[in-house]
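Two complexes, one shared chain (chain A), two partners (chain B, chain C).
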Partner chain A sequence: MRGRPAPLVAFERPALAETARQLWSLGLGSLPIATLALAFFGVVLEKHAALQAQRALLDLDRIGPMFMKLLVREFAPIMAGSVLAARLGSATGAELAWMDASEQLDALSLYGARIGREVYLPRLLAGILGTLLVGVVGVLAASLAAGGFAQLTGTGRLSAFVSPRLVDGKDLALFWAKLGLDGASLPLAAFLAARRHGRGPRGIARAASTAVVWGVLCVLVWDILLGLAFA
Partner chain B sequence: MTDRALVAAGRAVGRPLVGWLRAAGALALLAGRSATALGSLDGRELARILAWDGAQSLGLVAITAALAGALVVVQTGFFIRQLGVLGLLGWGAGYASLREVCPLLVALVYAGRVGAARAAEVAALRAGEQLPALEALGVDSVRALLAPRLWGMAASVLLLTAFGDVVALAAAALAARGWLGLPVLEFWRSMRRSLGPRDAALGLEKSAAFGLAIALSALRAGLAAPANGRGVGQAARAAVVHAIGWILLLDVLLTGGM
Partner chain C sequence: MTPALEIAGLDMSFGGRRVLDDVAISVGFGEVVYVIGRSGAGKSVLARLALGLLTPDRGEIRISGRPLDRRSPGALRRSRSGASLVLQGAALLDWLTLEENVALPLRHRRRLSRGAAAARARELLAGVGLAELAFALPGRVSAGARQRAGVARALALEPDALVLDEPTSGLDPQAVRQIDDLVRAVARRGTGVLVVSHDMRSLRRVADRLVFLRDGRVRFAGKLAELGPGLDDELDRFLAE
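So, the complex of A and B:
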């Protein structure tokens, strides 16, 4: 971290052009796989709900609005966080470890660039904004995919699954809090992983995999803590 | 102008399609050659892979599964408390853990830890010209190196998920006791009333498929990466991202077949 602990990069002013570039590459670049993942997960959840509804002779249309609440409170943040831990964590961990191993960070320092402002903070902001974006798009993708699948298989109606009538302010606060903390934790996990492992080709690979594992664990821990706080 | 637009559109569709077909072909070839090598695997290499990939991931899987178990209780507990059906918590938490959360999270963490490391290892072997050297000496690299890794990783994911199921259920029972005051025996009874070995078997079926997908993605990423230092990092990244794509696709297909 070039002499500064990872969380302290938040006190620097970010380089806007680099932040926009990182947001484009990490945030928007993660959108297709995360959207696909959430859509797949929506279909999986609908299938489980249909199986259980069939067993208990329940009407799936009555479960639909509850499905949206569950998605907003629990499943969208954890799935978006896990997929981004893999995509964003591995990319950021490997990139920073590579920059460290090839002495690009040293070169930037020599030329007077402030590493926190130019390198770390743009990635941190891109992580937070990208995760929020992926979470919102993910909820839409999952609910549309689940509703579409229910409509297609004749187990329920699309409108029941996209209905937000049971989602209240507390659910939305939990949703934003989880996504925001996940988004901040993933780049920080990658910075620390890169700092710990980033020397040589194997160090780069280890940094990428450590960033993913730490990222997933952060997502799980935040999910439990915030779930308990908002229970 | 129309011709140009047509050519551009053809390129935009054709290039990814050809790339996807080539990747699918390479995966099928690797899977086929590894399957034929199954009868004559190097037992010592397989044991080494199982020990490293499996045993050394036990701690991480235990932590992940314990968090997953607690998480499922926190997630289902909110709704179960609202509906006033605390007796269903064992069923809800057990069903979600065994069939979905545990296989999925163990596979995701395994892809991040071992899949990426194996992809990087294969890419480093290529970058160091050890794989071509083996081939030049007449050693079949698929039989000697890749097949033991593939089957070792697939078996590890299956065994780790079975271990993770036990840890997740124990953690869920403890979380239910600590957070909702549900006695452990009551949680256990609620689970046994509505769940059977079939629920665990379906989750393990998924994890076997996830294990193969992680192993194939890792080996393919290692073999396809550029044979240089940067390629090692690229292989690790590609292995994780491709494995996750496959895991989620397989999850949909296997849940659909339930």
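So, the complex of A and C:
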């Protein structure tokens, strides 16, 4: 891939079938693990919040709104981003490096297909849509799990964890911004990793691991920068 | 007569190392020319240069008399429309069926509709004996079938010149023979075929002429009948295989 023009040389219409395939494979494929991770995280967070609140003799009904705010602003984007950095980053990094090593990208260019339209844009679009989807489902999973756990253990009511009125417009703007930027950064990190390390089995493995590392770094950087901007 | 593919005065270096040095090869219509040489002799680089996937330091490539124009991606696409390349291992796209792979150039270069491209792709696959595997993914078929599908994809554009990079590498003897027969059949239709290979058995079966590369230079170019011992020690070793 070295010596190729930059992946996104022009704005083109992405190939829809390939976008759908990527969204299915990466976005929907990441839902089970992301949902499970965030549900587990919600339960643990609620348990510890309830313990601390009981010690401080606070009203347990205040945990729900605080939990939801924290989840939407901080934990859901960073956890969804991290899960996708691992899954989408490694899969896309390795796939692109393999496509380069097996000369599939050359074949595309040789037969008149636009690589940006057929390869890069579908993955970029699927990355953004998939991350948004995983983030939203993750919030639902975490709040339902935390609310359900609170209801079961008598430390709160389910409704205190799942009401959309618990978050304001600024919280939601931060949530969408973080997820959107994470979703765009992860495929881009994978494209760059594949460009840097492509060719040969070793290059493919290194592209996959580098894509994960760069993806996680992107998620952390966006989290800090947007956190400061929306403080 | 204008050759199907003409390579003249080609120089190419990577990182200060000269890979090809003043290489000149001509392939006539209906002719099969084999380029042989050890690994690292510059054979695959030559195949990629021939279709504009790499840019040479110096030299010219003409397809049916028209020079390869590298001024822009569009100009390159247009100027190489008379040639096709079967990359090493066929380079079929993993996520597309054989039919969709063969339809790819028809949709993107010929601008055929999805249905028309698919119908023509099935005809081409039938022509290389793969009609029943049209809907299989490349990962589900043998290496020989992948290679034949790669040839079918290259033939979709009815090229004047066809370049094949190591088409029989890693194939079993039966698959090698199928590819050899296919190469001969393509040449009989009038296409000029340049095969980059180190498979001496295929060469003896199929080639009209041979070009021997050593250290990036042409050490022998001629008909098989002109070959004899003593021309080049490395070529002698190839011939002894």
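Going forward, the second predicted complex is superposed on the first by the 222 of 231 C-alpha atoms of A that agree within 3 Å, B and C clash if a C-alpha of one lies under 4 Å from a C-alpha of the other, contacts with A are read in each partner's own complex, and residues count from 1 in each chain.
Here is the rule we use: a contact is a pair of C-beta atoms (placed from the backbone, for glycine too) under 8 Å apart; a residue touches a chain by one contact, two chains touch by 3 or more.
What you see is a predicted model; the values in this text were computed from it and never measured.
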Combined model on chain A where chain B meets chain C, clash or fit: fit
For A:Glu103, using the defined touch cut-off, is the partner it touches chain B, chain C, both, or neither? Pick first, second, both or neither. second
Once the shared chain is lined up, is A:Gln151 touching chain B (first), chain C (second), both, or neither of them? neither
Please work out whether A:Tyr111 is in contact with chain B alone, chain C alone, both, or neither, and reply first, second, both or neither. second
Contact-wise, after the overlay, does A:Arg21 reach chain B, chain C, both or neither (first, second, both, neither)? second
Report the partner of chain A that touches more of its residues: chain B or chain C. B
In the superposition described above, what is the shortest C-alpha distance between chain B and chain C in Å? Please give a whole number. 11
Could you pull out which residues of chain A sit against chain B in one structure and against chain C in the other? 98
Would you mind writing out the residues of chain B in touch with chain A in their complex? 60, 63-64, 67-68, 70-71, 74-75, 77-79, 81, 95, 99-100, 105, 108-109, 111-117, 119-121, 123-124, 127, 179, 229-237, 240-241, 244-245, 248-249, 251-252, 255-256, 258
Along chain A, where are the residues that touch chain C in the complex? 5, 18, 21, 98-99, 102-104, 106-113
Residue ranges of chain A in contact with chain B within the complex: 33, 36-37, 40-41, 43-44, 47-48, 51-52, 66, 70, 73-74, 78, 82-83, 85-87, 89-91, 94-95, 97-98, 101, 200-202, 204-209, 212-213, 215-217, 220-221, 223-224, 227-228, 231
In the complex, go through chain C and note every residue touching chain A. 48, 51, 53, 73, 77, 84-85, 87-89, 91-95, 104-105, 108-109, 153, 157
